[in-house]
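Both complexes shown next keep subunit A, but they swap its partner, so subunit B is in the first and subunit C is in the second.
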Partner chain A sequence: MLEILKPVFYLLIFPGLLFTGVLGLFFMWVDRKVTALIQSRIGPPWYQCYADIGKLLYKQVIIPAGSNRLSFVAAPLIGLAGISLAASIIWMVNINKSASFIGDLIVVMYLFVLPSLALIIGGAASRNPFSSVGASREMTMVFAYELPFILIILTAVIKTRSIIFEDIITYQLLNGAMIASASGILASIVFFICMMAKLCYLPFDIPEAESEIIGGTLAEYSGALLAIFKLTNAMMLLAVPLFLITLFLGGIDVSSIKGIVLLTSKYLIILVLVILVKSTHPRLRIDQALKFFLGPVTAIAVISVILAALGV
Partner chain B sequence: MNISPLLLVIIPLISAPLAWIFKGRLRQWFAVAVTLCVLVLAGSLFPAVTKKALHYDLFNITDRIVITANLDLLSMVIITLISFSGFLATLYSTRYMAQSRGQSKYYSLLLLFIASMNGTVLSGDLFSMFLFWEVMTLAAFFLVIFENTTESIKAGIKYFVMSEMGALFMLFAIIAVYLQEDTVDMATLASRGINVNSTFMHVLLLFFLLGTGVKAGIIPIHTWLPDAHPAAPSPVSALLSGVMIKVGIYMMIRIFCHIFSPVLSWQFILCALGSASIIIGVMMAIKQVDAKRLLAYHSVSQIGYIVLGIGTGVSIGIAGGLFHLLNHALFKGLLFLSIGAVIHRLQSRNLSDYGGLARSMPITFITCSIAALSISGIPPFNGFVSKWMIYQGLVQRFTMDGSPFTVVWLAAAMFGSALTLASFVKLIYATFLTVPEKPHEVKEVSVLMWIPMVIMAGLCIIFGVVAWDIPLKFFVLPVVPGVSFSGYWHPGLATLLLIIAFVAGAIVFVAGQLKKAVVSPPFVGGEEFEPEMGVSAEGFYHTIKNIGIFKAIYHHAGKKRFDIYHLGRNIGVSICDALSSIHTGVLPRYIVWLLAGLAILLLLIYYVGF
Partner chain C sequence: MLTAKEIIETLRTKFNNHIIKADEKVSNQVFVRVVPDTLVPLIRFLSKTLSPRFLINAGTDLVRQDGKYLVSYIFSFDSDKIFLCIEVAVDAAAPDIDSITPIIAGANWSERETRDLLGINLRNHPDPRRLVLADDWPQGLYPLRRDFPYDYKPPSEPQNKVHLKKPPEGTKVIPIGPFYPVLEEPAYFKLFVDGETVVDCDYRGFYNHRGIEKIGDTKLTYNQICFMAERICGICGFIHSTCYCEAVEQAAGIEVPLRAHYIRTIMLELERIHSHLLWLGIATHIIGFDTLLMQAWRIREPVMWLCEKISGNRKTYGMNLIGGVRRDIPHQMHDKIITVIEKIERETLEVIDAVMGDTSLHVRLKDVGILTEEVGRSICTVGPTARGSGIPIDSRVDHPYAAYDRINFEVAVESGCDIWARTLVRLKETMESIKIVKQCLLEMPDGPIMGEVMEEIPSGREAICCVEAPRGEAVHYVQTGQDNRPYRWRVRAPTYPNLQCIPNIIKGERIADVPIIIGSLDPCYSCTERMAVVDVKTGVEKLYTKEEIIKR
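After this line comes the complex of A and B, so read on.
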């Protein structure tokens, strides 16, 4: 009985839904606070993000008339389920390497698509023109960043000749973090750019674009459903950088104080970079973003694949 | 001699003319009963074949050409697939075709089609295989032109011409194999394991590739597929795409993996063609607005995955390819049936005529969504498992030879999956979720139509969730030896976890909903809400279609510049035009031609002699 409950515990409490969610919301606050400092504001108090979620959960849910209720309600839950599982897998393979299984890298990659899919389904089901524009843009963005994203994941695959997290982490323990190599640097840069798009942050917050399509997909969402979307975003903010750390920055070590400090500093550096880029760049148009990803970003990714194949 | 395997062909073959005799309801149920009978027979043979392959020498044509039937596990799996899809498609036809004329013809052809596919797979020798192969082509041709419109006749002729060209190449190759090896029995040939060491053998393999590739629909000889699939009635499309192109793949596996010993260069070619099919097929699908044409292009793309899996030459890759073959039959069959249900109600194939059907056709919406998620390879559905096995095969291949091309194939396969998702998001959005120009007053389709859809959707989930315990264990891994179970991802647990996370979210949602949800009109900034404010099916990927390079490619593709049939026809027509310009109808000119011909003939006789 305990054996069955163990994965459920991993998924729901630690390190999955609850842990990643609480921590993610905390970093969401860090994000808001630092952005505020850059913009010469005071920023919210530390509990603001929790308060937001609590308030939303309490509020009434409004469902747009004539929408498909099933898809509208299920969409945020699909995203939350996907990101919870992805986050748990990323944590678990780092904490306990024997938790790794063949092909887990691919599984995680696909699970990271689910939050985007949730936004698209939700937007399409809302029956709101702004939302459908948001859904169309979200899908176009996935189309744009997926090719370079796959290519840089292949960079890691080429270097380690495996699609298992365990091998990738072990490789980095033996040979040093992958970012120390030429292909690793390029791959990390591309990952970072794709991450901005995955997190839907400026300059790639095109699917949400509050000032032109009033939040896109999220336009019709309110109450608990919106809270779930917000929670998913917060978890993404933690899980996607962890994916980057696992793949290219030497993995996660939480067995010692030193490891935890190292991990925190790695994560905070990435987070600060994300915030800096986000608060200093204006939004691109969708066609500009598409050209940017399929042009220069893919080119860099291809170079990193070639370098990796050459063993650099 | 136990002849029950032969009944798999004989029963539908004899029933085909009988279907002509019966009338009305009786005919429909007769066809359903026959296909059910074939399915039960196939199922009952399965345990025996698992233990030992069945082989029959039927009769001798000459001393060396012996007609044989061979039922090993690979053919058994494919036959089960054919019988299963055949049964569901026939059941679906009872309502879908209820209003159309010429049903006697339809059911006869359908049974003949199923019989010929079973026959092709059951044949133990290349000659009877070729015979059934041709019957299959003919039956499919008549089914494609069944609706008798200009479009369907054009599509049918295109299909027939391309198939026959391929078949001619294959016939030549079969004769050559016979002359060289003195036998056409596939089991004997396989036990010899013909080595491919001369140019002649390479040409032979190329001919086999052309013959099987046309049926399977791989790039660049796929062009009949996007025309023929939409033109045929929906249950026939489901059979064409679900199983007939798989018969092409089956022959490809027989030839490239069994009869000839595997050659690296051919594995490379298969991988290259597979990857090209994946990307080109799905890129063409993205821009389609004809629902069935969109699905047809996805068949090209998904066949690419199967060919890629076979081309890896690694056990898990081949097993992945075979599993993807089964999965594709399920989800693509399901997609054609679901879209067929929509067409049945709205009488249009154009995506922009659809919209908002999720409320009026909820079952179709759910089955179609399951199929769309499966084909896009979203975990935990079945498409994910097989695609993941193919990736694993490619990675193993890469660790073996370190070829940079393997990385290209891997990237193409993974990116193709994202593109597939993109394309199906559009399909689901435009068909079921968007706001239609004018509301459709339609009902859900009849129970006989949605039952096959629900069965297939259920199998899509089962094949994904318990992949290792049911389909792989019974159907795939016994066929491809050398794949171990240990250490692989078992989707069951992950599915359970996904469901638990989903339920946990749902509890949060319900708990949070202290006040009841209210319904209010969508917010559009205070304006009157108009349907055309939203994004149409054509506009969904406006950005992608208008980006430089894609725009140019789509422009040329739209003018059929990449269509090998069209190019060939143009060349043929221009040659004929040149020749017919000689025929002016002026008598003196004809006399001049006659005299000139005579003079040339005399000169030849004079110089060359007899």
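After this line comes the complex of A and C, so read on.
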């Protein structure tokens, strides 16, 4: 009986939805606080993100007249399910390497697309011009950054000759973190840029563009459904950098205090970089972002693949 | 360099029989009365030979005096520091006049406004639709006529709705407004787009009329209008009250003490500093650069405190009166002002450095929203919008007022013609303003702050004044009258000409760039729309819902 409940526990409580969600909201606060300090503001108190979610949960949910109700409600849930599963797998393969399974790398890669898919479905279902523009921009962005993203994952696969997380982590334990190699550092840079787009942060917050299309997909969402989107974003803020750490920065070790400190510092460095980039850039136009990803970013990704194939 | 006499001479030699009178009523302000039929040939001649810049036209109801409406076309000879006012008196029985818009594109709105408010019919106007009046304002009712009571509330006639242009073949309509997230005031741009590219647009604004001019010549007194004028704009109000006061002072020949001139200059420049920093914040917010927004507004805040220390208010200082100012800037405050200003100078320099070096800003702002010098001149754009396109006009130099004839400063002109050029102009101007404030504090003489004002300001005089607001020049035209109030007070805010160039500069641009292009003009709709008689807001909104219900 307990054995059957175990995966449910992994997914919903630890290390999945609840754990990643609570931690993600905390780092969301770190993000807001540091951004505020950069902008010479005071910033919110530490519990602000929890309070936001709590407040949204008991607010009325308004479903716009004429929208596609089923997709409108299902969209945020799809996103949340995807990110919970992805987060659970990333944590589990690191905590217990035998939890890894063949092709889990590919699975995680696809699960990370689900939150973007949720935005596209939700935006298209909203029957609001701003939301539809948001959905179409999100779609363009996914096309733009997925190609270099897949290429750099290919770099990791070529280097370790495996599509299983366990092998990638073991490889790094034996040979040192992948970022120390030429191909690894290029791949990490590309991953970081794609991560900014995945998190929908400046300069790539084009699908949300608060000052142009008032939040895009989120324009029509309210109450619990909006809370789910916000929670998904918070979990992304934790899970995507963890994916980067697992692939290129030597993996996650939570078995010792030293490991936890190391993990926290790796994560915080990435987070601070994310915040710095996002608060020192204006928003690009969608065509400029498209050119950027399919031009220089993809070129760097290709170079990284070639270097990996050459064994550098 | 031309003189007023030469201008009169030139016009006399060419149109002698048609000129009723021509004189220099105020120094460097020429008023020429011509017969109505000569108007178009004369203006064609002017624009071909001397090519003055059109500012505004104003209509005055003189029916009680001589059964005529007076229409005045105000021009500026910028480098010669001269205003020229061509006046035409049309018969009240048949108030028709030939449009000059085919010659001067920038006269478009102004002529329609005169038609809407005074009922002067326009012949050969390329776009004679209703401009200023509300959609449900009755036909044949003209609020600026003297027999129209200022508090009359006419019945609603929804059938008069203005019909915006139909989209050209193969284009879709994208609405920007009437309320749009980043453009905080009501204005409606109907964009016609082909894919992502804007093909054309139409504009409907003037949702925010307050009937200020009407109240000015029926209800308020000379000194009350100073405070009303300051409320024309929420950002650059002091500009309007200064401009009004200077116009009345010039018309009546009132001597203003030098110290009052310096105090006006200081307040005007403080206003420019905080307005430009405000704009920088909004513009960067439009393109999502919120860090710069927060920093620009943080730097701006001490200016507001400073203004509060000086005048008692962050905004709307209430310091101007005919003949001088009401509040002194005592010596004890000079150090305080210098400290604040120097801190702002340091921080603004840092921001300018950051802006200049930010390549991602260049990507969004360079080569976007091109306003060529030619278009800029034909639409008669003003202020940083014009100076960003290489048109070197600045009324602080061209028509010096307050203490500007004693101050050394540079006029920032850029030739880039794009948003980036307009940004550079504003940043440079902020630094110049800081210098001007410092220089004023150093050179300000002691003395009274209020001049001798006669018991009764003589009636029948007129004068024009231009004041360089942060957005461009504001123009006030005053005809003095009886009962201690002007007979006619005409206001033109800087956004009025600037907004008219929007169809030109968004043509061919992408939709995502439209907000920042509109934002780059620093538009201020409420200043532009100071003119109808009743609050039409609710009426208009009701009408729209009705129409929409019928459509469905």
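By definition in this document, the second predicted complex is superposed on the first by the 312 of 312 C-alpha atoms of A that agree within 3 Å, B and C clash if a C-alpha of one lies under 4 Å from a C-alpha of the other, contacts with A are read in each partner's own complex, and residues count from 1 in each chain.
By definition in this document, contacts are C-beta pairs under 8 Å (C-beta built on N, C-alpha and C of every residue); 3 or more make two chains touch, one makes a residue touch a chain.
Fair warning: this is a prediction, and the values are worked out from it, not measured in the lab.
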First (subunit B), second (subunit C), both or neither touched by A:32: neither
Which superposed partner A:287 touches (first subunit B, second subunit C, both, neither): both
Touched partner set for A:279, first subunit B, second subunit C, both or neither: second
Subunit B versus subunit C as contact partner of A:97, first or second or both or neither: neither
First, second, both or neither for A:150, with subunit B first and subunit C second: first
Which of subunit B and subunit C A:113 touches, first, second, both or neither: first
Dominant toucher of subunit A (residue count), subunit B or subunit C: B
Partner chain in contact with A:71 - subunit B first, subunit C second, else both or neither: first
Residues of subunit A contacting subunit B in one complex and subunit C in the other: 214, 286-287
In the complex, subunit A residues that touch subunit C: 35, 38-41, 202-203, 205, 209-212, 214, 279-288
For the subunit C and subunit A complex, residues of the former touching the latter: 181-182, 196, 284-292, 294-295, 298, 358, 360-361, 363-364, 510, 512-513, 515
Contact set on subunit B toward subunit A in their complex: 356, 358-359, 362, 365, 377-379, 384, 388, 391-392, 395, 398-399, 404, 407, 410-411, 414-415, 418-419, 421-422, 425-426, 428-429, 432-435, 487-489, 493-494, 496-502, 504-506, 508-509, 511-525, 533-535, 539-544, 546-547
Sites on subunit A touched by subunit B in the complex: 7-8, 11-12, 16-17, 56-58, 60-68, 70-71, 73, 76-78, 80-82, 84-85, 88, 101-104, 106-107, 109-111, 113-114, 117, 120, 124-133, 135-136, 139-140, 142-143, 146-147, 150-151, 154, 157-158, 161-163, 214, 219-220, 223-225, 227-228, 286-287, 290-291, 294, 305-306, 309
